[in-house]
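Two complexes follow with chain A in common, the first pairing it with chain B and the second with chain C.
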Partner chain A sequence: MIRKNLIPAWPLILAMVLFFTGPLVLLFGISLRGPDGSWGFGNFATFLSDGFSRKVLFDTLWLGLRVTALVSLVCLPLVMLYWHAGRRMRGLILIGTLLPMLTSNVVRTFAWVVLLGRNGPIGQSLAGLGLVERPISMLYTEPGLIIALVQIEMPFLLLPVFAVINRADRATLDAAETIGAGPWRAWFTTILPQILPAVLAGWVLVFAGATTSYVTQSVIGGARLIFLPQYVYRQVGVLFQWPMAATISILLLASTGLVMLALALLSRNERLQAHG
Partner chain B sequence: MTLDLTRRAFTLAGLSALATPALIRPARAAGSKIVAATFPGSWEDAYRSTLTPTQAQEGFDLTIAPALAQDQIAKLMASRNAPPYDAILVSPGQTDVLIRNDLIEKIDPTRLKNWDKLMPAAQSAWGPHVTIEINGIAYNPDMVDEPTGYKALFEDPQYDKLVAFTGFEQNAAVMAWTEINKLYGGSYDNMQPVWELIAKNIDKLTIATSGDNQMALYQQGEIAVFMCSTGNVAHLNDLGLNCKFAKPASGVPAVPVTIHMVKGASNPDGVYAYMDAAISAAAQTQMAKAPTAMIPMNTDVPYSDEISAFITPEEVAKAAYPDWVAINKHRAAWTEQFDRIVAM
Partner chain C sequence: MAEKRTLEPGFGAWSYRIFVWGGGLLMLAYLVLPICVALLMSFNSGATLAFPPKGLSLRWYAALLDPVKSAPLHLAALNSLKVALATVVVVTLITAPAALALARGPRRLTSTVEPVLLAPLVLPALVYSLSALLALSLLGLGTSFWTILIGHSMVFAPLMFRTVLGLAQRQSVSLEEASATLGASRLRTFVRVSLPGILPGVFAGAFLVFMQSLDNVDVTLFLGNPGQTMLPMRLFAMLEESLDGRVAAVSGLLILAAALLLITLQRFGGRDAR
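Then we have the complex of A and B:
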């Protein structure tokens, strides 16, 4: 019965094996080739025994976690506004969320170059308000990079949440308020559990996007903030060390995969499930 | 007269008509298509607008593919058996890597009509030099005084936080850093002076990701000084920006740029035609003008006004030509060391 149901999925399964799993296996194979032509886990040992490389790995994961946390903070009021809004206002919020996605990541990143630069509105406003002596640039700084990534990744959390919150049961909120819960407590104990699976799905997308965003990391972060995607490019495009590049790619995939797995397991936690 | 056409015959004829271009195109493509890599930006624009039409007249379908020199090599290494380019455009630093990895082949100069017009120094067995890039210091005269040399950028406080450099993946940066290292007592085998200098001044410098990135930062007013070629300054001037070229007191580093025939190129005849067009008087005259202002290698082509504003033929003859074989022995280690010093 199960096999019969799988028949329509075979083309997709075949495509996944050919174009996703196959290249991944190849990538893993290349990562096992040492500089002297020998095979083994030498590249992994070289990377993990080097303090600088470990720092780059840690910085990449830490960047992803900080962006995910900040996106959640920024999105919370928007989600609450969406929940309380009427049909028309919801439409406007949805358009506002989708609109930036109609332009490419590259365009949004270069827009942030203008905004964060010395002559941009942020630097000029700070100087105009007398908070700094002369206009400052936030380009090539960690706060600048995080601000840009938070804006770019926001839709990936908002859209799944908007999709789920439309179906959330309002009666549970009314019931909580009827028995004396304050508005915040009522919201967090009734609505939040219902949208939590969508929040966790969004976190996975935001985390994956922030840790692997080569363009934003290099254009806004510059050459002094080094994360794994630039490290991979450096190995291929400058040092021509393809096996080490494959090793770092596998480590990036594994480490981000582990964080995403942890988030996925969290979403299956019974106490966090809706109406748990 | 009526045409008696059954539905089956009509469908078959329609499908045949649709399939015809697909059957013809591969045969045509194999004979006339050339893919030539050039640097992105003004190089790409100039080569596409100047050489693509002349090649079309000769029956070759020239595709200009923009890629940085290091990226061109990375792509060739990734697919040796089916190279993505027929011709590539690089500097001696990369030529050495290409030769050692058996990725390019020597050319037959008799196949180039314009070969004898080239300066003797531009007649390389591995392909013609199409220009020499003269490097120096680009600065914004509205923001800072003309730098007297590299040392001033580190020692004169007016340049603090306004100077950009890139890492050792860029040829211009390699030339500048090695020259600076010499000024502070170092050599190719001893880069310690420059590492100490970078570490000491890192908070006063902007480290850009690429040469093009430096120009974008200059446009945005983020920086006022960067290590450049005369072509970079000509390009910024062409965009209406006030940018001047300063020649370091220690001498101007220079680097030829060469077209190479890729080993296993699908269309060698096309590559020869492309090389010949690139060193022809017509193309070299055009590219000597703004915004590219490329120093001509064809002896029939005089320096344009734009080039003369930067440099004279006598100064070009006296320029410093780095030892790229010696540099390449250390370049990977320098690149890694630089990253470790500048990383936040």
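Then we have the complex of A and C:
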């Protein structure tokens, strides 16, 4: 027998504790330090009592919720197509999902700068349809940012769902159709419940991605749309307000964490568990 | 797999088909077309990045290679390549042995440690890098090549941990036991039996780590040496200043790299699926 040797695992675990967990504990610590040197939740109170800060927090969560909802809507037909598709089509959809995820941030952002810009196809076709007088730029606007974020976050919902839909029980769908359910009802009552746990996992990733994507938010959203990541960066890079930056980061973590927790509790729900 | 389902004709069936095929293909286009647009723009021959391109040429790829005009870009690329390569080495050295050991260790321990080691994948990189910068400033240290290296290694280690752990857990322990029973030394067993089993995972992980490190903004922004521009920062600066065609050319190269990665992963994935 080979003796179980765990020594090779120690360097990674130690490095994680020292270089990953350590700084995060420090961050939490400094967020509790007030401007006058006292300790407590003063920074949190200051942040939440400021109207502008509250608006930024609210805008960020609202952006995340809208992107998550839209991603779900947009992914639904694609997931159903994947379910009905043959082997070759499934491969094609899978490549189409992985390619945008594996290409660089720079590429995705660049593509959307071109697509949303004044001379881009979206602005031109809106003008061509007579909806607007001349080609408009959707860069630096909230709808433009959401359109880009939805495309960027789609793979994070699709991949977990594709991973479980292969194992979904086809017999239940056949049974539903045999006893007279239409195609809509059959799919939504038999297949959808089986993939719901994966959908919840995907939502967590999409929400976290949309609320914390500093690059997309600042390059596509522009300087006028401010969300928590830019707000944090400004506190450190411009104002050198470490405790406040730490406080905002903790709030960002806490708010995304709360959404994740809510989703995790939801997935423990018995009705979902019965199929999962 | 591709069995045709006979649907009763009726409004429900038709609307369902239109939704699934029409909607599904439309959304697939939404997902993929931006990448195609970026690729198309890289071959555009015009001076501006207007869509659609007026003509096709390789002029922006040539401009990318121009040693004088693109010197800052080359320097940034070199800096990023150095960090990415060093990150791959560090991550491989600490992660692959850990994943292998944990896969063979007590199941309880592995399931406790695994989520902790995967945490950097879920935690916003921005928050982590801010906290790392805070720790550095409390210690009175500045940012340098080494701080980016540690930051990237911590944030991207889970990528390789996952690919290696997956393969190591599927590999049968009895092979290693057989090797030991037949009198092979521990080192020999590792090199001849364990290592070949996890190698595809190491390669896939290394490629992922390399690409992510090359592309990363969040960690690099905070932990980077202000005197040394990294590739993504340089590209974003070019993107914001003027729509430079060279950004398109770099995008073209990065898309090619992603496609290559995809083909490699599918090869490996396809092999152990069978």
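We take it that the second predicted complex is superposed on the first by the 253 of 276 C-alpha atoms of A that agree within 3 Å, B and C clash if a C-alpha of one lies under 4 Å from a C-alpha of the other, contacts with A are read in each partner's own complex, and residues count from 1 in each chain.
Basically, a contact is a pair of C-beta atoms (placed from the backbone, for glycine too) under 8 Å apart; a residue touches a chain by one contact, two chains touch by 3 or more.
Here the structure is a predicted model, which means the values were calculated and not measured.
Because the two structures share chain A, they can be overlaid on it, and in that overlay chain B clashes with chain C. Contacts of A:30 after superposition on the shared chain: chain C is touched, whereas chain B is not.
Legend: residue contacts after superposition of the two complexes on their common chain; A:202 is shown touching neither chain B nor chain C. In the superposition on chain A, A:20 makes contact with chain C only, while chain B stays out of contact range. Of the two partner chains placed by the overlay, only chain C lies in contact with A:96; chain B stays clear of it.
Judged by the touch definition given at the top, the superposed model places A:144 against neither chain B nor chain C. With both structures placed on the common chain, the touch criterion links A:115 to chain C but leaves chain B unconnected.
The partner of chain A that touches more of its residues, comparing chain B with chain C, is C.
By the document's definition of touching, of the two partners only chain C reaches A:246; chain B does not. In the superposition on chain A, A:81 makes contact with chain C only, not with chain B.
In the overlay built on the shared chain, the residue A:5 is in contact with chain C alone; chain B does not reach it. Superposed model on chain A: among 6-14, 78-86, 96-104 or 294-302, the stretch of chain B in collision with chain C is 78-86, the rest showing no clash. Common to the chain B and chain C interfaces on chain A are residues 113-114, 117, 119, 219, 236, 242. Touching chain C in their complex are the following residues of chain A: 1-2, 4-13, 15-16, 19-20, 22-24, 26-27, 30, 74-78, 80-82, 84-87, 89-90, 93, 95-100, 102-115, 117, 119-121, 124, 151, 154-155, 177, 182-184, 187, 204-205, 208, 211-212, 214-215, 219, 229, 232-233, 236, 242, 245-246, 249, 252-253, 256, 260. Contact residues of chain A toward chain B in the complex are 52, 55-56, 113-114, 117-119, 137, 139-140, 142, 218-219, 222-226, 234, 236-240, 242. Contacts from chain C toward chain A in the complex involve residues 1-2, 5, 7, 10, 12-13, 15-17, 19-28, 30-32, 34-35, 37-38, 41, 48-52, 94-95, 97-98, 100-102, 104-106, 109, 113, 116-117, 119-120, 122-128, 130-135, 137-138, 150, 153-154, 157, 161, 173, 176-177, 180, 186, 189, 211, 214-215, 217-218, 221-222, 232, 235-236, 239-240, 243, 247-248, 250-251, 254-255, 258-259, 261-262, 265.
Those residues of chain B lying in contact with chain A across their complex are 68, 70-71, 73-74, 77-78, 97, 166-169, 202, 206-209, 213, 216-217, 220-222, 332, 335-336, 339-340, 342-344.
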